Every structure is written in C-alpha cells, then in structure tokens.
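There are two complexes below, and they share subunit A, which is joined by subunit B in the first and by subunit C in the second.
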Partner chain A sequence: MESSRSLTGAPAASAAATRASGLARVASAPLLLAAAGACLALGVLLGFLWAPTDASTMGFSQKIFYFHVPVAETALLAFGVAFVASVLYLRTSNAKYDRLGMVSVRLGLLFSVLVMITGMIWGKAAWGVWWAWEPRLTTFLVVCLLYAGYFVLRSSVEEEGRRATFAALFAIIAFVDVPITFLATRLMPAGLHPVVFTSSGAQMDHRDLIAFLVSMLGMSLLFVGLLRVELAVERLRDELYYLKNRLG
Partner chain B sequence: MEGVAAPVVAPGLHTTMWRQLYVVVKKDVVNELRTKEMLLSMFLFVVLAMVIFHFAFSVRAHTDLTYFTGGMLWVTFIFGALLGLNRSFAHEKDEGCLDGLLLCPVDRVTIFLAKMIGNLIFLLVIQALAVPVFSLFFVSRSYLSDLPAFLAVLLLADLGVCSVGTLLATISMNTKARDLLLPIVFLPLIIPVLIAATLATTAIFAQTASLGSLGSKLLFLAAYDGIFMLAAYGTYDYALGE
Partner chain C sequence: MPLSEAVKYVAAAYSIIWVATVIYMIAAARRVTALEREVRLLNETLDKREGSR
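Moving on, here comes the complex of A and B:
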C-alpha cells in the first residue's frame, strides 16, 4: 500500500498522531452516545406520557411515530452523508472520504432495516397486516436492496483505489435513485391500504412536535456517535493493515 | 488522455465527436453482425421467457392475462437487456479491445455514448422482433391507435435501461464478480423504469389508457433518462478507470 494513501492521505510519519486522534474520536463517542440515549429516552417518555393519543383510527399505535420517523430520516441522512463523502472522494482521492462513505452506507443500511421493522409493526397495528406495499415502506425495501449491492460491489474489487472509486460512484447513483424510486412507487395504483403517512407536520399538536423533535435529535446524535466509533475502527483497521504490510 | 486527445479533437470539436461516435457504434454493430451471437441468444431468451410466463401464469383454463402483459413484457426485456449488457463488455475486456479503445484519442464520454447507443440498437432490434410475437401470444385487443404512445414508452424505457445499464456494466466488467454483480446493482436501480413502463404498457394493451395518465408516465421516464444520463456523463470517466 502506498504511504500517501495509507491512512488519511497523510504521510506515514504522522501515524502516531493519527492513532491518537482515532482514539480521541472513540473517547468522545460515549458522550455523544449517552446524550443520544438520554434524548431518545426523553422522546419516548414525552411521546407516551405527555403527547396526546392520536384521535384518528390509529390511536395508540401512532406512538411508534416517535421512533419510526426519526429512524427513517436518519437513514436518509446517512445516505446523504455517503453521497457527499463519495463526491469528495472522487474529487480528492483521499481515503478518509472512502471510509466515511462506507461507514455511512453501513449505518444507513442498518437504520433502513430498522425503518422496515418498525414500519411493519406499525402496519400490523394500523392495517392488520405485517406487510403492505405502501410507497414509503416499498421505497425503503428497494433502498435496502440497492445499498446491499454497494457491499457486494466493494467485496468484488481487490485493488483499493479502484474499489473506493467504484463504491463512490455507486453511492452517488444510488442516492440519486432514492427520491426517484419513491416517486415511482407513488405512480402505482393505490391499493386497499390508505396512505396514512401523509405530511402530518402542519396538523401536529405542539406536544407531538416537541416529542418528535427530541427523538429526532436523539437519533441524529446516535448516528453521529456510531459514525465516530465506526470511523475510528476503520481507521485503525487501515493502520493495522498498513503496519502488517510494512512488516512483510 | 486529454493531452493526446486535444490536438486531434480541436479543429472541429462537434463533427469530430459525431464521427468518433459513429465509428465506435459501427464497430460494435459490425462486430455483432459478424457473429450474431448476442442478438440470437437475446431473442431466444426473450421468446423462452414469454413461453415460461405463459406456463407460470395460466393456472386456469382461459385465464385472462391482459393485466399481466405490461409486467411480463418488461420483465422479459429487462432480463434480456441484462444478457446483452454483460456481453457488450465481455468482448471488449477479453480481447483487450477496451485498452485499444482507451488508447485512441477519443473522449471517454464519447465511448460511453457509443456503447449506450450500441446497446440501445440491439435492444430495439430485439423488441422489433419480439413485440409482434408477444402481441400474438398474449394481447387479444388491437392497440394500433395507441401505437405511437407504445413506441414512445419503448424508446424512453430503453434509454433508461441502456444508460444505467451501460454505466453499471462498465463498473462490473472491472470487478471479480463481473456478470454476477451486474444484476445485483442494476435491478434495484431500474425499478422506477419497470414501474412506469409496466403501468403505461398495461394501460395500452388493456385499452384503459388516458392521455393524461400516459403522459405522466412518459414524463417520468423522460426525467429518469435525463437524470441518469447526466449522472453517467459526470461519472463515466471514473467508471472506466485508468
């Protein structure tokens, strides 16, 4: 491996400094994760105890909204971060953007699976079925399949420069495809199931909104905390690989 | 590459580009016409898929498949296109043609456009042969009055399939997995085209198409084509590699 590409594009001499900053990242992560935990717990408490129970047919099942929607938005945020990191990688060829892209896609995929699981639970409560081809749920299913391909692509390229370039390229195209897929699922004829996930933002009670925003903040902090841990791990993994190569 | 390309391309940029495009497309078409390997296997595959669909869906006597026709047609074409996309770069890679092409003073975007047009031509040829067979097998109503709309759906959906397909085939050709990887990355990306094309085609075959609903699907397909051609245009340099 070239020393210029070995870690963050910095010379190998600064490996010790990199390791120190990597460890600092891990060290700061628990704080973020603790804040995330606190916000998420507060969000759930506010949602369950303070916010009014939904007056429509959804009733109590609407409470999952405080978990489901923040997870969904965080998943999209993660793919957005991966998109930006990929554009930056193609422009600079700096390995740190490749790592950021990969870690973001990994977390995005994890959050997307959570969206589907919580969506299915909500679907069961609201419509009585575990799976409905509802536009947003369908979009997340396609998104999961799409970004799973990202890792298949990565694993089938050995040379790391090329792997990073192809992965970045794919992450860009995949992100462009997400809103298009959502629009396409809206073209489908509406089935038996009413679209209950309408833009309810404007009609929300202020207590709903506060509980939602607290949960949203918690989920975003969770994402950033996990991102830092994962990035540090990947960075150390790269460094280990580099050191192993130097030893022979 | 640019350093070599500049003096040759400079005198008449546009005419040179069109000429290069023509030459590379012609190379692909002539190459295919010599063996007819890809066209023949794509056509056979497409007809086989239709026969298999018949057996898979005709579970009762006199089953009316009208509302499945759009889906059957586009699943057939998308899988058929996959076959062609894999082949279109297999030759280039195995015979070392791509290296030669990259050494030529041709812009990489021109290579992309040429490969895409080549794939589009092959897909259109297959469709010209397969659509009459499909109509004979499955479509009981005449859709002659909607033929222009149907042709527009074919062309716009094919453009989407070929632009995304050519870009991804270029990437997958440079990987270990090759033809194994292409369907995995291509199929999720092509779902929007499949949805819009299937809905429009079914509406035409079932004669339930209204101009407004067809228009929105055609517009959607055109937007998809525009966005992904732009994305491919911006990224193809990286897909080809060094």
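Moving on, here comes the complex of A and C:
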C-alpha cells in the first residue's frame, strides 16, 4: 500500500513538522470544545428557563428543538465541508483534502445518527410515532445511508490515490441529497415537519430564536473542535506509517 | 401529551447527545494519546539506531 505521505509529496524530513502541526491542532481543540460546551449549556438554559413553552400540540417536547435542529444543521455543514474538500482534492490531488473530506464525513455521520435518534424520540413525543415516511425524514435517512456507503467504498479500494479519488467523487455525488434534505419541507410541504425559517423570517418567538442560535453556535464549535482532533489523529497515523516504513 | 411524559422524551434526547459527544471526545483523546506515545517510541528507536551507526 502506498503511503499517503507520497501522495502529498512531503519530504521525509518533515515528519517532526507534521507532528508539531498535529499537536498544535490538538492543543487548540480543548479551547474550542470548552467554548462549544459553554454555548451548548447556555443554549439549554435559555431554551428551558427563558424561552416560552410551545403552546401548540408539541408542548414541552418542543424543547428538543434546541439541540435536534443544530445537530441536523451541523451534520449538513459537515457534509458541505466534505464536498468542498473533495472538489479541492480532485483539483490538487493534495492528500490533506482527502483527510479533511474523510474526517468531515465521519463527523457528519456521527451528527446524522444523533439527528435520527433524537428525531425519532421527538417524533414519538410530538406525533405519536417513532418513524414516518415523510420527505424530511426519508431524505435524511438517504443522506445517512449514502455517507455510510462512503466508508464502504473507502474500505474496498486498496491503493490510496484511487481510493481518495473515488471517495472524493462519491462525496460530491452524495452531496446532491443535502440541499434536497434541507429544502424538503419547502419543496414538499405536505410532510409532518413544519417550515420554521421562511422568507419572512423565523416563525418563532425571539427568545426561541436566540436559544436556538446559541445552541447552533455551540454545535458548530463542537464540530470544528472535533474536526481538529480528528485531523490530528490522521496526521499522527500518517507519521506512524512513515516511521514504521523507515524502521523496516 | 402530559408534561411528566414529555419530560422523559426531552431528557432522553438531550442525554443521548451529551453522552454520545462525551464518549466520542474521550475516545478521540485516548486515540491521540496512544498514537503520540507510539510515535515517540518509534522516534526514540530510530534515534538509537541512527546513533549506533
């Protein structure tokens, strides 16, 4: 198997620099993760103690909104990052974009699984069913299955250059479903999901909106923090592979 | 849905996200630590080998 180091064309002497860069990424991650935790905790407090309880049929279960929707938006953001990284990889063949794409899909998938689980819980509380074949749920399930396929594809191609190219192509094609999922409630309004953000603004109390935005910021910071940790892990794996090769 | 019932669903949803995130972060931190240790050991081995030549 070809080393990813040869893909980047990085000289052998850069191992220490690679490690330093990887450690620097990890070192900055705790700050990001702490900020994320603070924002998420503040979002929960605002959502539970300040924002009004929904007066419609959802009632108290609407509180799931402050985490469920930010997790969903962050999952789609992660797939967006993977899309951009994949385009950049195909243009430059630089392995760092392949790593960024892979790590983004991994985190996007993690967030997607959390969306599906919390969505099912919310569905049971609000609609009385764990699952409904309605546009938003169905398109999101397709997103999850597509990006799970991304890792099946990666594990089935041995040679690194081909694997990275195929994975980048797959991530670009899979991304087609992301805007469809995002717009599903607008394109097919007959579904169970309400349209909250319309052209005339957010259809919610300003306190709900603030709690949501704080949680959204927290979830985005969490994604960036985890992304940095995962990229550092991948760099360390590359360095390990290189060192083992040198030792024979 | 009565409040007492809704609270269970809300608690379950929030718990799953917090617990999953914390577990993921712990696992990632452990992976980083293990990889750093292995890289350090290999670097030391390499230094010794090159020093003995």
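The criterion applied here is as follows: the second predicted complex is superposed on the first by the 217 of 248 C-alpha atoms of A that agree within 3 Å, B and C clash if a C-alpha of one lies under 4 Å from a C-alpha of the other, contacts with A are read in each partner's own complex, and residues count from 1 in each chain.
Just so we're on the same page, a contact is a pair of C-beta atoms (placed from the backbone, for glycine too) under 8 Å apart; a residue touches a chain by one contact, two chains touch by 3 or more.
Remember, it's a predicted structure, so these values are computed and weren't measured experimentally.
By the touch criterion defined above, A:W50 lies against neither subunit B nor subunit C after alignment on the C-alpha atoms of chain A.
Contact with subunit B, but none with subunit C, is seen for A:L183 once the two complexes are overlaid on the shared chain.
In the superposition on chain A, A:L33 makes contact with subunit C only, not with subunit B.
Using the contact criterion defined above for the overlaid structures, shared-chain residue A:F166 touches subunit B, although it does not reach subunit C. With both structures placed on the common chain, the touch criterion links A:W133 to neither subunit B nor subunit C. Shared-chain residue A:Y241: touches no atom of subunit B or subunit C.
Of the two partner chains, subunit B is the only one touched by A:L145; subunit C is not.
Of the two partner chains placed by superposition, only subunit C is touched by A:I64; subunit B is not.
Shared contact residues of subunit A with subunit B and subunit C: none. Of all the residues in subunit A, the ones that touch subunit C in their complex are 19, 23, 26, 33, 44, 59-61, 63-64, 67-68, 71, 110, 114, 117-118, 121-122, 124-126, 222, 226, 229-230, 232-233, 236-237, 239-240, 243-244, 246-247. Interface residues of subunit C facing subunit A in the complex, by the touch rule stated above, are 1, 3, 5-7, 9-10, 12-14, 16-17, 20-21, 24-25, 28-29, 31-32, 35-36, 38-39, 42-43, 45-46, 49. Considering their complex, residues 164, 167, 171-172, 174-177, 180-181, 184-185, 187-189, 191-192, 195-196, 199, 216-217, 220, 223-224, 227-228, 231, 235, 238-239, 241 of subunit B touch subunit A. Residues of subunit A touching subunit B in their complex: 90, 142, 145-146, 148-149, 152-153, 156-158, 162, 165-166, 168-170, 172-174, 176-177, 180-181, 183-185, 187-189.
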